Amino acid sequence: MLQTDQYNINIGPIHPSTHGGLHVEAVMDGETIVDAIVHVGYVHRAVEKIAESRTYTQFIPYASRLDYLASHLPTMGYVQTVEKMLDIHVPERAEYIRIIMGEFSRIASHILFVGSLAIDLGATTGFTYCMRDREKILDLFEMTSGQRMIASYMRFGGFAEDLPEEFIPAARNFLKNIPQMFDEYNHLLSGNEILQARLKNIGVLSAEDAINYGITGPNLRASGVDYDLRKAEPYGIYDRFAFDVPLGEKGDNYDRFMVRLQEIEQSGRIITQALDQLPEGEIRAKIPRIVKPEKGLEVYHRIESAKGELGYYIVSDGGEKPYRLHVRAPSFINLMVLPLISRGGKLQDIIANIATLDPVLGEADR
Amino acid sequence: MEHFFVNTAHALVAWLTGLGLAPGWADLILLVVQWIAVIIIVILNITVLIWLERKVSGFIQQRLGPNRLGPFGMFQTIADAIKLLTKEDIVPSQTDRMIFKTAPMVFIIISVMLYVVIPMGDGMEIVDLNVGLFYFISIGSLSTIALLMAGWGSNNKWSLLGGMRSVAQMISYEIPLAFSLLGVVMITGSLRMSDIVAAQSNIWFVVLQPIAFITYFISATAELNRGPFDMPEAEQELTSGAYTEYTGMRWALFFLAEYTNLVAVSALMATVFFGGWQGPWLPSWLWIIIKTYLILNVFFLIKWTFPRIRMDHLMSFSWKFLIPVSLANILLTGAGIEVLMRMGW
Amino acid sequence: MYGTGLLKGLGITLKHTFEREITQQYPEQMPVLPARFRGNLQLDFQDCIACEMCTKVCPNGVLSLESVRDDKTNKKKLMSYSIDFQYCMYCNFCVENCPKHCLHFDHNFELAAYDRENIKKVYQRPQELVTDLPEEIVAAEEKNQKRISVMIGALQKDAPKILGKLLEDEEKGKVLAAALASDQDKLEKIAVMMVEDIEKAKKVAGALANKAAKDHPKEGNVVA
């Protein structure tokens, strides 16, 4: 054997495929990864500290900015946590609209995942097709709240405004097009032999490792663990809908890709049912103008966000502002498994691994 | 129209000898003129080509592509070239200056040299070498050196990885590239380009040699470093690979050379497999342009559709699949020729 | 068979090549915006009762207002309202909490500006509404305006001396006066500051003088 030297190479923080400010220090032997060290914190915005200096209401737009790719879901988690503190009952219609907006956010996030995976592997056109389809969801968001990406639409006890009239036909129209969208993705991406060779049996994460590392969300389900908070611990009104939890077998990159593709379909199912059952009525519960939870109240609430289990832990000191707010960010925890699944792979695999772990750095660094 | 360029060349030589110049000198001047013509055509063609690729990729992605400057945005490339020319020329302090600066020049010189043997019409080769095909392959493989120089001279880990990848890739794909052309050479019995074109007056070699064509197409894509085999550049992995440290016109020279290579290889493909300049009604030089551009569009479509292949898959694909297949093709061709000769063709 | 997936992918892209493009040619073709679109924040000055609900609810301190209390009716009158748009998160809280519905987002989204000053939007009380104010405030305002115009006149006449006095340094005053001679806007701003807040004027003038001395050292010497 030839004598070879190991060298370090810095992937990021400024690199075309690190999804924001992620910095991975790779220890390499030729093109083979010996070890990878994840450095996070380049997009640190002190969101948890900001929460301590804002009133409960004022934190809503900041919560949306955690996972800006699926902005309704982190907002929903925060709003439900505070409602749990105050013991507010949300009107039926608002609950249904929350499901609809949340699942649309999940679809938007997963479509972007497919697109960014495609471009990280070099298939530029797959990315643009995904962005094209995601725009349609953003149009729906714009219709409801006036904002495309970071729509602060949810409020404590419900919503700011009711759905506009043209929303339901437009949403149904989007759902109708999902099969056609899938056809395109399957032919262009998942059926492509080069893509399969790049993803299959790469970055394998076993079920035990996934549980030990605290991985949640699609990444955990790709390893074959049937754990979805919407089923395991139904929050809101998720227990009223019929949907499947897609599972992977091996936990490799291809499974993580396919699980998310199938989740788009399941989210579509949930939205269809919610649109069918959508009742008329109030959109917002009566709540005091100034939110002041009791002193010493501590609440933890978690939801299944697009990236995994998103939890909020809030401590109240009886004032207008939270005493402490902690976010359990799934992206941060999921990212920590990157060295484990990258060891022994090639340089090109680590790019695919980052892409399939689907971190959003705004949430990981907070 | 058919013999417009050939007649112009003859007239030029006749005029020069009429002035009292020795015929040898007149030929030399003609050669220089032809060279300058090639360089001008190459550069003009590439401005059109870059525009075309951006337009085609735009259409593939349901966009419009450049459309602001000139009719259909055709002057966009010129504007870009002006921008690149006016940019600051940065040579990072830790580079190997000599190698860093010469690499782009080496690359572009090598790629322009390829045009010497391509027949651009009936009797329109600059030099009709008797080892034309051999010359093309051997000069083409030299461009590895330029990429290695760029990768090494930049003194950057990404660049070095890009340069090393290009060496590994181009050397492995050189072999199936040469082997796939060997089948054609066996049928024509000549390495001279004009003979190869003449041999296709009845039937194109793409029909007689489909396996050779496919292996040639794949290995040519790899030789050109185009997607899905764009390993040395690999934007998403190596930022820009061997070109990471280059700015302004030096970087543009690499870009130019890549496209020059692309056109040369497509023209060779048209010559060897699609009957060269032969075709009905239109003048011969127009036919080769049409054929080359059609092949270029296929290259564009492939690049913009497929994800990038992995480096080790790429190598094993060449050594374990393409080389055996192209060898089998040589065997098959040899057997076929033998059988047909015995049958008295 | 190996390779069919590749061919299907090529088929998809080839199909889309000949389809109509879906992009909008933006500056020529403006997007159709939904009714709830949040663009530029607008205030109906007349309706505002200066209750400060919006400034209290704003998460980022974008909004600020100045008001005076009318002693007769015991009602607040809005004097000026400023929106520092660079910090706005478009959360819509101010619009929702406004009891008089005098804030709203319009559909203008072309808000880019070359410098920060232009992003900030300040509503001053319009002239026709000034008479609406309590008398003593109107009188004070008029007096103030008069003093400012006198100050501007004086500055235009003999800038080096006044500025030298302000800066307690004649050399600096001359440099600054030379620099400001071509910049009427800044001169007027300094005049306003000198009337309203002399300490601030000193600071700003000092900084400007230092900058002028740095930028044009030669010119400064010539003047000196």
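Residue numbering begins at 1 within each chain, and the chains themselves are lettered A, B and C in the order written.
Heads up, the rule we're going with is that contacts are C-beta pairs under 8 Å (C-beta built on N, C-alpha and C of every residue); 3 or more make two chains touch, one makes a residue touch a chain.
As the structure is a prediction and not an experimental result, all values here were calculated from the model.
**Student:** Out of A-C and B-C, which chain pair has the most contact pairs?
**Tutor:** Comparing A-C with B-C, the pair joined by more C-beta contacts is A-C.
**Student:** Which one of the chains is farthest from chain C, going by Cα centres?
**Tutor:** B
**Student:** Taking the mean of the CA coordinates per chain, how far is chain A from chain B in Å?
**Tutor:** 45
**Student:** Distance-wise, how many Å sit between the C-alpha centres of chain A and chain C, to the nearest whole number?
**Tutor:** Between these chains, centre-to-centre, one finds 38 Å.
**Student:** At what distance in angstrom does the C-alpha mean of chain C lie from that of chain B?
**Tutor:** 58
**Student:** For chain C, jot down the residues that touch at least 2 other chains.
**Tutor:** Residues 6, 9, 12-13, 16, 22 of chain C each touch two or more of the other chains.
**Student:** Can you list the residues of chain B that touch 2 or more other chains?
**Tutor:** 60-63, 304-306
**Student:** Hunt down the residues of chain A that sit against at least two other chains at once, touch-wise.
**Tutor:** 125, 129, 132, 188-189, 192, 194
**Student:** Name, in rising order, each residue of chain C that touches chain A in their complex.
**Tutor:** Contact set of chain C toward chain A: 2-3, 5-6, 8-9, 11-13, 16, 22, 33-38, 57-59, 89-93, 96, 105.
**Student:** For chain A, which residues are in contact with chain B within the complex?
**Tutor:** Interface residues on the chain A side: 7, 9, 15-17, 31, 118-126, 128-129, 132, 188-189, 192, 194-195, 197-198, 346-349, 351.
**Student:** Touching residues of chain A toward chain C in the complex: what are they?
**Tutor:** For this pair, the touching residues of chain A are 54, 57-62, 65, 125, 129, 132, 142-147, 150, 152, 160-161, 164, 184, 187-189, 191-194, 196.
**Student:** Enumerate the contact residues on chain B facing chain C in the complex.
**Tutor:** 56, 58-64, 67, 301-302, 304-306
**Student:** Name, in rising order, each residue of chain B that touches chain A in their complex.
**Tutor:** Touch residues, chain B against chain A: 57, 60-63, 157-158, 161, 165, 227-228, 230, 234-237, 239, 304-313.
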